[in-house]
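Structure first, then comments.
Chain nomenclature is as follows: A, B, C and D, assigned in order of appearance, with residue numbering initiated at 1 for each chain independently.
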Amino acid sequence: MKLRTNVPKSFAPFSQTVHPDLKEECGVCGVYAHRQSAHLVYLGLTALQHRGQESAGIVSFNGKMNRHVGMGLVFDVFKEEHFKFLKGRSAIGHVRYSTTGSSVLKNAQPILVTTHYGQVAVGHNGNFTNADTLRKELESSGAIFQTTTDSEVILHLIARSKEKTLPEAIVSALKKVEGAYSLLFASDRNSHGRQESMMIAVRDPMGFRPLILGRIGSSWAIASETCAFDLIGAKTVREIEPGEMIVIEGSQTFRSVPISKPLGRTAFCIFEFIYFARPDSKIFGKSVYEVRRELGRQLAREAPPPRGVDCVVAVPDSSVLAAMGYAEEVQLPYELGFIRSHYVGRTFIEPSKPMRDFQARIKYNPISENLRGKKVVLIDDSIVRGTTSKKLIRLLRSTGVKEIHMRISSPPITGSCFYGIDTPNKSELIASSHSVEGIRKFLKVESLKYLSIPGLLKSARGTTSKYCTGCFSGNYPTRLLDLEKSSKC
Amino acid sequence: MKLRTNVPKSFAPFSQTVHPDLKEECGVCGVYAHRQSAHLVYLGLTALQHRGQESAGIVSFNGKMNRHVGMGLVFDVFKEEHFKFLKGRSAIGHVRYSTTGSSVLKNAQPILVTTHYGQVAVGHNGNFTNADTLRKELESSGAIFQTTTDSEVILHLIARSKEKTLPEAIVSALKKVEGAYSLLFASDRNSHGRQESMMIAVRDPMGFRPLILGRIGSSWAIASETCAFDLIGAKTVREIEPGEMIVIEGSQTFRSVPISKPLGRTAFCIFEFIYFARPDSKIFGKSVYEVRRELGRQLAREAPPPRGVDCVVAVPDSSVLAAMGYAEEVQLPYELGFIRSHYVGRTFIEPSKPMRDFQARIKYNPISENLRGKKVVLIDDSIVRGTTSKKLIRLLRSTGVKEIHMRISSPPITGSCFYGIDTPNKSELIASSHSVEGIRKFLKVESLKYLSIPGLLKSARGTTSKYCTGCFSGNYPTRLLDLEKSSKC
Amino acid sequence: MKLRTNVPKSFAPFSQTVHPDLKEECGVCGVYAHRQSAHLVYLGLTALQHRGQESAGIVSFNGKMNRHVGMGLVFDVFKEEHFKFLKGRSAIGHVRYSTTGSSVLKNAQPILVTTHYGQVAVGHNGNFTNADTLRKELESSGAIFQTTTDSEVILHLIARSKEKTLPEAIVSALKKVEGAYSLLFASDRNSHGRQESMMIAVRDPMGFRPLILGRIGSSWAIASETCAFDLIGAKTVREIEPGEMIVIEGSQTFRSVPISKPLGRTAFCIFEFIYFARPDSKIFGKSVYEVRRELGRQLAREAPPPRGVDCVVAVPDSSVLAAMGYAEEVQLPYELGFIRSHYVGRTFIEPSKPMRDFQARIKYNPISENLRGKKVVLIDDSIVRGTTSKKLIRLLRSTGVKEIHMRISSPPITGSCFYGIDTPNKSELIASSHSVEGIRKFLKVESLKYLSIPGLLKSARGTTSKYCTGCFSGNYPTRLLDLEKSSKC
Amino acid sequence: MKLRTNVPKSFAPFSQTVHPDLKEECGVCGVYAHRQSAHLVYLGLTALQHRGQESAGIVSFNGKMNRHVGMGLVFDVFKEEHFKFLKGRSAIGHVRYSTTGSSVLKNAQPILVTTHYGQVAVGHNGNFTNADTLRKELESSGAIFQTTTDSEVILHLIARSKEKTLPEAIVSALKKVEGAYSLLFASDRNSHGRQESMMIAVRDPMGFRPLILGRIGSSWAIASETCAFDLIGAKTVREIEPGEMIVIEGSQTFRSVPISKPLGRTAFCIFEFIYFARPDSKIFGKSVYEVRRELGRQLAREAPPPRGVDCVVAVPDSSVLAAMGYAEEVQLPYELGFIRSHYVGRTFIEPSKPMRDFQARIKYNPISENLRGKKVVLIDDSIVRGTTSKKLIRLLRSTGVKEIHMRISSPPITGSCFYGIDTPNKSELIASSHSVEGIRKFLKVESLKYLSIPGLLKSARGTTSKYCTGCFSGNYPTRLLDLEKSSKC
């Protein structure tokens, strides 16, 4: 008898399949000047739960800064008693899936430290690509790190800064870091050094990750995705621009400070549309729902089903929209192929005598009555290692389905992401070593086709100077210092 | 700040909306003569979780009978250590939602007692309609009850029986009870009084609730729905017949014993098709998936959308199939209207200053981008009190949708269920006091139409002598003794 | 690495050693008509914790009866939230160590059942010596037992009684039971059948176990020992007499009802003085402190130390008083021989490579500096199996002590107790099979002497017609029906 | 109804009273090169539990360093699973009561950080008297602190050191700190920079706190008190000298490095003898048992009882030895005055309507039978605020005792401790503002006498150049930099 944990990452708490192979990144949420700031941030974090299910945390601030973080889901980490403690009219929060640093409590964010600028907290979504280099430099000159995350580097750079104010220190520190970051800071002193709350949001010059500014009455809100605003009743003001720092020191207005010169391009993560972001969010100026459905339509145009196919089924829940778009475009019925269980982050006990495909079976039950003897198109949003898809196909085959034609609503993933999504090493990505035909054989399906990169960009209405397609194309929009050093790249 | 519990009943752990107003009944699962019996029952119970989320329990037996029960979901109640304790080659299990008896641990099933037939355990799905009367009689003659459930009555009747064997005592006891029951018994003595395991399954003469017999290799399996068999790798043998008792005392064969004379009719609960059963189950000889989708098609034929409607949306997840059937029939696009959160049985903390429709909001987020300015048909499977629907419609309205035409894939619920579904009192059912037009006004929708009773029966391919439609028609197929006594009926 | 539980029984929460070999019996406490009844009972139970550390429970009553029980210590079982639930102006409580029935939650007391006299709860200290016989009779006529305790028998006898009132039913039921019992009942109906609280305390005709009546202001209190009264501020009124039932139905007065004819003798358990009762209690008309110290003095008179002994040490904490009395009588210094750890019911983890005498070592550390090269008298209150004593002596020897002369402040235990103390089977009692000289050799001490039975009785100022000395003398004051049947006696 | 926590500090887990007013300091334990190092350290910590009950922690090391810390008692913090994680042949541990820094998890020790010397962990017993000053200097130059303890300062000084090896860096860092410290370091690199374990123990130049070196077979052990060695089977090698650093890099031998020039005096904390250390320990070259008993004898010589006194009683458990010494010297019987409950660190619930002296009552029950009408000498080891003593005396008075003559086995505490014992501020110390007669009136006793400072020193066989008597005499043996700055002194 083995004990297996249904690791949170595998079970998104909303109707979106979570890849067992693609870990989420992180999400941030902040509310400034609201009587219930910590509560609203808590609710915002539940809406962002799909972006990080390993740990959650909130720092509230109002003079004194209070922090509560824990391992697990937002609903498990926060109990009523914590809100008695999380006082203050402002708060920032974070949900995390580790892309760097190991999965332990001390790495939970927001990180809160004391510097000569006062207490400073930070939540980070993204990945500094030169964090290792910077960390070694800092440690050799006596810095002691509390965490093993890349995010702490920025705090040490700030603590050692000689600038007058925290905003200046942040700008100065960010000049040294490279990579992807949407950062949310909180401080108990404002930029005049007074004991007043300040909230600062910054997005890296290429804007890899989304970061949105909103308004609830006369309060300010910040979040990674607009779905957090819907839950807390905030209205979107606008997206924070790539390379922009927003400094909030009062409820009336905010200051916008550029942190770099314009680069002439952006690098929005196109995977947010394919899989990560919630379909009810609007990011990078577009409805995720619309783009995701369009991916299915475009896929249908590029890779239509062979003749005689009976219906289209999806890997629930993340591929449902693409499958609906596909079915619509090719005028085939869309059928539910699987019933999916939603045991969010639960531990279950596997029988001692192992059952074949147990892990897949406990999540998905194919609906035999519906599929027996049929020829189906199976839509998935992506294939990472291929092993999960293989199990799912085996389950589907057990229903007596006649043919399986797999269609993927994104191009083959041939490289890792270095900007905040924890893809496996390149060597573990099936598309880095197998041709499409090779993958088809591995999966044992009658046919397999992927969306093209141009088709992907077209669906998202952009080009390679707008979106990062590094994991599909190998064209990474920044240098990758630490990787170059370790020749891992 | 109020603490609210996302009561398990409101959040089915698979992709099916659970009515906050219609509580599930119960589910049973048993495995006889298998090395991993308790594990398989545990897995079977997870597949039946939607049938009862208040408590779960397993009794394993093999000579000594061992019992572990707990409040909450199957995954929470059972930990690895319990399986060290739940030894034995046979086991029965139960998930419960109370239809009688309060929600406390002592009411968790299977109930295990010692009688002069040896130790006897029972799990019950259904409701004895004369339980109160019987209980009073038993208590006045000195019986001490352990639980406040109706299910315990049957055990006292057995304990006081003078029959020679347990199967005979069960038949004798069942002659005294009325109502709906699918019962699963376990005993440490077989019908020859020897210290060997015996498993007995019985279904009431009208067959209100499903009960299926299956086979895993040379082991026997029993479950409320076939979806439990899919997970544990069992094959369906056949449904247990209304009025049939199956006695299993060895792995080779079983005995079928009639418990009553043929009645010339059955009373399968048609609500199992509308809402309760999992779509990947086959019960009452039919695929739930097919019937549920057909309900949508039939609804479309009876109540087509007005001209100019743009799309069909469902209340996720329970109405998805009906909505897909409806959309297909009327050739309108099916769109996702809501993103649903799956916080199964989690506790969340509500802000102190209440937010309007908070409870609905935390579960459903309408996808504004998709719906703004559109005229939509909203499909739901049923309306109970009407309050939940009203909140959902308010949320949907907030997206800027232009018109909402509501269509219900079942007839108006005008009466309570007395056979195992915990519907509210008649007086709380909106359709018992409001006309369809009255309900439409209450819900504030542009139009509202229900499926007809004939349309319902047609979709399920049966008549009133096959199905119970009591909650829609008032035609209850049995007398209701306790209700008549209390003149509640 | 093995996980061992410092089983509660081995660690009394007050300064009294608990024999790993002699399990405690039970304790009861009740408060009638007090605004804080459940709280006071809770506190009373903490003072009685030494009488039972396996489970604890309270039933409060005031119209509705509420029950909370749990496994473990009183402080662990009861949390603040339980007192919101344990409403009512009266309450009874129980701490348990199982003398019959296994150690599981369902056996925790008070037991609460519904009978035709209303709801009835009972807590029991003692042991019915014909419980098995009665239970079999009851089961064969259809009674279903909830627990495996002897205590439940009395409730079934009551439930089946045809008497008019609960007090009469209790008297009638008690006529059928034999053995030792101090019982505390609660009911939601008074003896006139009205919905008012009634508390009833009964002591068996021989009065094996103590039971005291007290007063807090205008409220009534009942407890097994007076130390519970000290904590809750109650004054002792008087001991409940052997064979007396006290019925309390109002705060003004109580009724005393005889349950049997006078027997001409009593059978107070003399072991309460030797070891069980708290030294700050007064029971059987005497101060436990005084009697226990006198046992040491008498032991000194009967078994003085050999010449040249330097000092007297005790096995802490239960033998401290006897050791002080001994030292005083023989005019030798009393020294602390051991420092004792008080890890009440804590679990500790033993190293994987076992350490010799680890279990003893973690509880007792001998004070080497103090004992090296000395000749000591070691006082213990009793020897049960002898194994624990042996380990302790080995530890003591490791300090470099020169000679160990062991003196026991009670006679050799040659038989089991059938009246509520869970002594091991006769065969496991070292004194049932070994002479004093044999035990001395086993323990490896220079000399060993016990107190005599006459000396014991003299110290407690009584005779064999006052005290039960069954475990020392084999003269059990009642017949032992179940034992005779099973020829175990 | 108020919830009170029986704060661990108030309930030492061995037979020693813990002052509610005098918090313990800390304890350290380390084992080098033993197959079960983490287990042995765990056991050692349980023996040192009286030195710190707020948090406990272990760092094991062997190449990789692993850390587990938690709030609460050793038995609660460590579970079996932690030892799977705490691998390695060496380990250091710490029990803490905060003397600086607040009581939160992040302040639990050992602290583990990464420096350019590798990973370094430290456990600290004592108090740096210039920690605030140093911390401010470090923070202003960019250091980020993880904890609010004084102990972390030493790690930052080490991290910034330019010395070649960790031992040299420690010596260099210690030159900057002042005050009391017994430090235990662990590192994953040895002094040659190789990936091998190194354990370092240092004691401040005055040797305020004890620190002992021991041997278990061919392994090394370090502990604050010898009682830890007794439990783990270690033999004392010798005390680490004031101003000595012991570097252990292999199991064969160790290096002794002086960290300062000889001072010509020491400042052993004499309070360790009076109250803190366990009586079964040997520290500062003496048996605590012997010194503590001698304090009672000396007190008897200086402050004999008035004529007519009947007996001597102690405040259990810490004053038992002094009381026994006193009684012996004056030839009066020593009686138990109180039964003490040992609810180690348990939470109990106080009734809503407060009971007078509830807190004292739940811990101590006076034995009335024994004391009524008697004239007693009551021995306590010290009086801090006086409030606890007052309650205890009130309880004692309630027994009907005739006269109470209080004798204290130490001099009046007139000043705070700055070397690791968390005494209250001077203003809260009753003896700083009241004469002995004033205290007597406050306590309402017939007479009150203290031991003299010369009597104290005589009992411990030393002079003011051997022991620190600062809290009694005001003669603090070091400057107190932070206090001088804040003019608190």
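For this structure, a couple of remarks:
We adopt the following convention: a residue touches a chain if its C-beta (ideal position, glycine included) is under 8 Å from a C-beta of that chain, and two chains touch if they have at least 3 such contacts.
Bear in mind that the values here come from a model prediction, so they are computed numbers and not experimental data.
When the contact pairs of B-C are matched by residue number against A-D, C-D or A-B, over half are shared only with A-D. We define each chain's centre as the mean of its Cα atoms; on that basis subunit A and subunit D are separated by 49 Å.
We define each chain's centre as the mean of its Cα atoms; on that basis subunit B and subunit D are separated by 62 Å. Subunit D has its Cα centroid 37 Å from the Cα centroid of subunit C. Among all residues of subunit D, none touch two or more other chains. Judged by the touch criterion defined above, the protein chains form a single closed ring in which each chain touches exactly two others. Across the interface of their complex, subunit D is touched by residues 113-116, 139-146, 155-156, 159-160 of subunit A. Put simply, subunit A touches subunit B in their complex at residues 1, 3, 13-16, 35-36, 39-40, 42-43, 46-47, 73, 75-76, 78-80, 83, 227, 230-233, 278-280, 282, 287, 289-290, 316-317, 320-321, 324, 328, 333-336, 339-344, 346-349, 351-353, 355, 361-362, 365-370.
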